[in-house]
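One chain, subunit A, links the two complexes that follow: it is found with subunit B in the first and with subunit C in the second.
Showing the complex of A and B:
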C-alpha cells in the first residue's frame, strides 16, 4: 500500500522533486551533490559513476540519508548488508527510493 | 583517495549527568576553558544553578532523566537553539551498584543496564544523527570505569555496562571513519566513593597498593577529558585509564 502510494506520489510529480510524503530522485541527487560539495568534491552527472572513484563513502551515505530523512520527516533505518550492495551513484538513488517505499 | 582532515576542537559540549560529582567537575572545567556547555541531570543542583549564573551565555542546563529519550532529544534541540550545534558529547550519567549479583533484583539489573548502557547509546545515536546531518565533525567521550577491565564484587551489572560502553566506543571509532573521535575515560575508584563503603584500614591498604600513592580524584580526570575534546592527538577508539596504576 505504502509502495503504491509512493509510486502515485512520484507519478504526480513530473519535475522529480517529490512531495511532502517522499523525496524524489532528482532532489536526492541534488542533496547527494551538496554532501559531496561540502567535502570539496563534485558529483558527476553520470549515474554509473563508481562511488569509490568519486570518494563517496558510507558515512557520506549516512549524511545523505539523514538529509533525506529531514525533508521526509521520517527515519530511514536499514541494515549494513543493503549498503554494501551499493557501488554507483545510481545505486544510491535506487536504494534511497527503495527505503522510502519500504 | 587519501583524505586527511582533522576533527576540530569541540565548541559546544553536551554533558549528561552534569549536576554533581565528576559530571559537575567536567562542566565547570569546560566552562573555565571557554567552551559552551549544555548539562542535564535528573535533578538540577544549586552548584549547577550557580554555574548558570556565572556563565549565562555559555551554560545551558535542564532537568532531564537520561532514561527519558524524548525529553533528552527535546533538550538537545533546545541546546542547539540556545548555544548552537552540538559537536561533542560526554556520556557521564550513570547509576552505581553496591550489591552482590545473586541479591540484585532483576528489575534493578534492568535499571542499571538501561541507565548506564542503553540510554547513553540512544543519546549518542541521536546526537550523532544531528552532527552528521549538519555535516559536522565531532567528539564523543564516554566516562566508563576501571570496573570494565578488572573484577570487583558487588559491581557485576555496573561492570557489564561499563565494559559495554568501552566496546561501543571502539566500534563507534571504526564506524565513524575518523569524522567523529570516540574515546572512553575509565577512572579508578574515587576517594569519595571508596570512603563511603570502606573503612580507614581498607582505604590505607588500597592506597599503599597504588603506585602513585593516592586514589583517583575528579581533578585527575578533567585534563584527560579536556584533551580528548580539544586537542589533536589522533587518539581514537581508546580507553584511557586514570587510576594511578592501581589496576595493573
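Showing the complex of A and C:
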C-alpha cells in the first residue's frame, strides 16, 4: 500500500503556504552520526565507507528510519521502492532520500 | 456454585464494625457511616465517592444483599443495560434507582466484582465477603490507607480486612486527594498502605519527604508487575517497614504474597504439594498458571493468568501480560517488562513504559517513554541507551526514548503500561 507523505513544514515559508516536507540529506547524515555515537562508534566523513566495516547494522538502520519519521511526523513508506543493495553510507542516504519521495 | 439462595444470611462477622473510618476528613466508624436503607437487591451501586461505596458494603454485610459496587465512570451505558438485563437495579450517586429489567431471585451474600478490563471489556466475577477476605488471624493494630478505586479487587481486599478484623482502621483517599495523599495519611496516622507500583513511584516522585512523614509500618504493592527498583526505593524511605508485594486478581484472589523485599518469588514455590489453603503455582510455556482456594465463583481448576514469567536465578519474575509483553525484533524476542525493569533500575528514571514500535527491516523495535527523576539532574537518551546496552541484548535496547513530564495514571492507579 503506497502512503503519501503528508507532513508540512513552515520553516523558510514566510507566506505560510507550506511545502511538502522532507529531511535534507545533510540532516539525515547528522542523524546517522547520532545513531552511531549512541552505539559508541563514529560515522566517517566518506560516503563510500562500507557499512559492515563501520558496524552500521540493520538495527541501526531501523533506528535511523525512526528518527527520520519522528522528524517528519509521518511514517516512511518502505513498500514502494524495489529491493536494492545498501552497502555504503552513501547508499543509506540515497535510500532514505528515495523513500521520502516515494 | 451459583445456585440462588432464598434465605438471607449474614455473610461474615462484622468484627471491625467499630474500626475507625476516615472519609473526607471526618472520623467515623463502620457503624456510624451513613445508611442506605432503601438499597435494592440485587443492586449495582455506582458511586463517585469512597464513603458511598463503604456504606453499600456495610449494608451488604449486614443484610446479605446481592451487590456490585463500582465507580460510575467504570460502568458505561452499555454495561448498565447489561446489568439491568442480568437482574441488577442500577443505583446512581444521587440515589436515583433504575429498576432491573429482569426480575430474579437474589443470590444472598453475593458480591460481584468487575475485572479491570485490561484484556477487553470488564467481566463480572462472583465472590462473597468470605472469599474476598484473604487476610485472617491475629493482625497487629493498623490504620490502612484506602487509595483504590471502589469495587476493584484491591479495594475489596483492604475493605474486607477492615470490616472483618479488629483494630484495622481505614483512611479513604478520594480521587481529588490522590496527589496529596501523604499529607492526609500523616494527619490521620496511617500505618499501612497498599498501592500499585505506579502509585508508590508517583508518591516518591512528587515528594519523597512528605511520603517519609507517613508513619508506615506495612507497605504493600500489587496490581502491576513489581520491579526491584521500586522495592529498593521504598526500603530507603522506610528502612523499618515490612514491604510486601501481592499477586492478586478478581479471578484468582490473592495468590502470591512475598515479604522478603525482593522482586519475584522463589522458584521453590512452583508445583508444591497441594494444600487446601494454599494456591498451587505453576508455569506453562511462559505463562503463570494458578489453582487457588480464593478463586471467584465458577472458576475451578487451573486459571491461565495471561501473565508472563521469566526466571532470574532462583526467582520467578512476573514481567507483564503475555499478549502485550513480548516484542519481536527481527525474530529475536524480548520482554517489554524486562526492558522496563532495566530502565527503572537507572537511578535517574522515575517511571518508564516500554512498547513495540513498527520499524523497517526488523519489523518491530523497542521504544520507551520515560519520566526522569528531577532530583537527580538531567539524563539523556544516550545515557539510558548506554545503561541498557550493558544489561540487555542489543535488540532489547530501546532505540527511541521519549521523555515525559509526569507519570500518566489511570483510575485503577495502574500506569498505562
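To be clear about the criterion, the second predicted complex is superposed on the first by the 75 of 102 C-alpha atoms of A that agree within 3 Å, B and C clash if a C-alpha of one lies under 4 Å from a C-alpha of the other, contacts with A are read in each partner's own complex, and residues count from 1 in each chain.
The criterion applied here is as follows: contacts are C-beta pairs under 8 Å (C-beta built on N, C-alpha and C of every residue); 3 or more make two chains touch, one makes a residue touch a chain.
This is a predicted model, so every value here is computed, not measured.
Peer 1: Once the two structures are overlaid on subunit A, check if subunit B and subunit C clash or fit side by side.
Peer 2: When both complexes are placed onto subunit A, subunit B and subunit C end up clashing with one another.
Peer 1: Does subunit B (first) or subunit C (second) touch A:42, or do both, or does neither?
Peer 2: Once the two structures are laid over each other on A, A:42 reaches no partner at all.
Peer 1: Does subunit B (first) or subunit C (second) touch A:76, or do both, or does neither?
Peer 2: The answer is second: A:76 touches subunit C but not subunit B.
Peer 1: Based on the superposed arrangement, let me know which partner A:55 touches: subunit B (first), subunit C (second), both, or neither?
Peer 2: The answer is first: A:55 touches subunit B but not subunit C.
Peer 1: Go through the superposed model and pick first if A:66 touches only subunit B, second if only subunit C, both, or neither.
Peer 2: A:66: touches subunit B and subunit C.
Peer 1: Is there a shared patch on subunit A that both subunit B and subunit C touch, and which residues make it up?
Peer 2: The overlap between the subunit B and subunit C interfaces on subunit A comprises residues 38, 58-59, 62-63, 66-67, 70.
Peer 1: For a test of understanding, state which residues of subunit A touch subunit B in their complex under the given definition.
Peer 2: It is residues 35, 38, 52, 55, 57-59, 62-63, 66-67, 69-70 of subunit A that touch subunit B.
Peer 1: Give every residue of subunit A touching subunit C within the complex, in rising order.
Peer 2: Subunit A reaches subunit C through residues 37-40, 58-59, 61-63, 65-67, 70, 75-76, 78.
Peer 1: Using the touch rule from the top, collect the residues of subunit B that touch subunit A in their complex.
Peer 2: It comes out as residues 1, 3, 129, 132-133, 135, 176-177, 179.
Peer 1: Flag every residue of subunit C that touches subunit A in the complex, lowest number first.
Peer 2: So the residues of subunit C in touch with subunit A come to 329-330, 357-362, 365, 367, 381-382, 385-386, 389, 394-395, 399-400.
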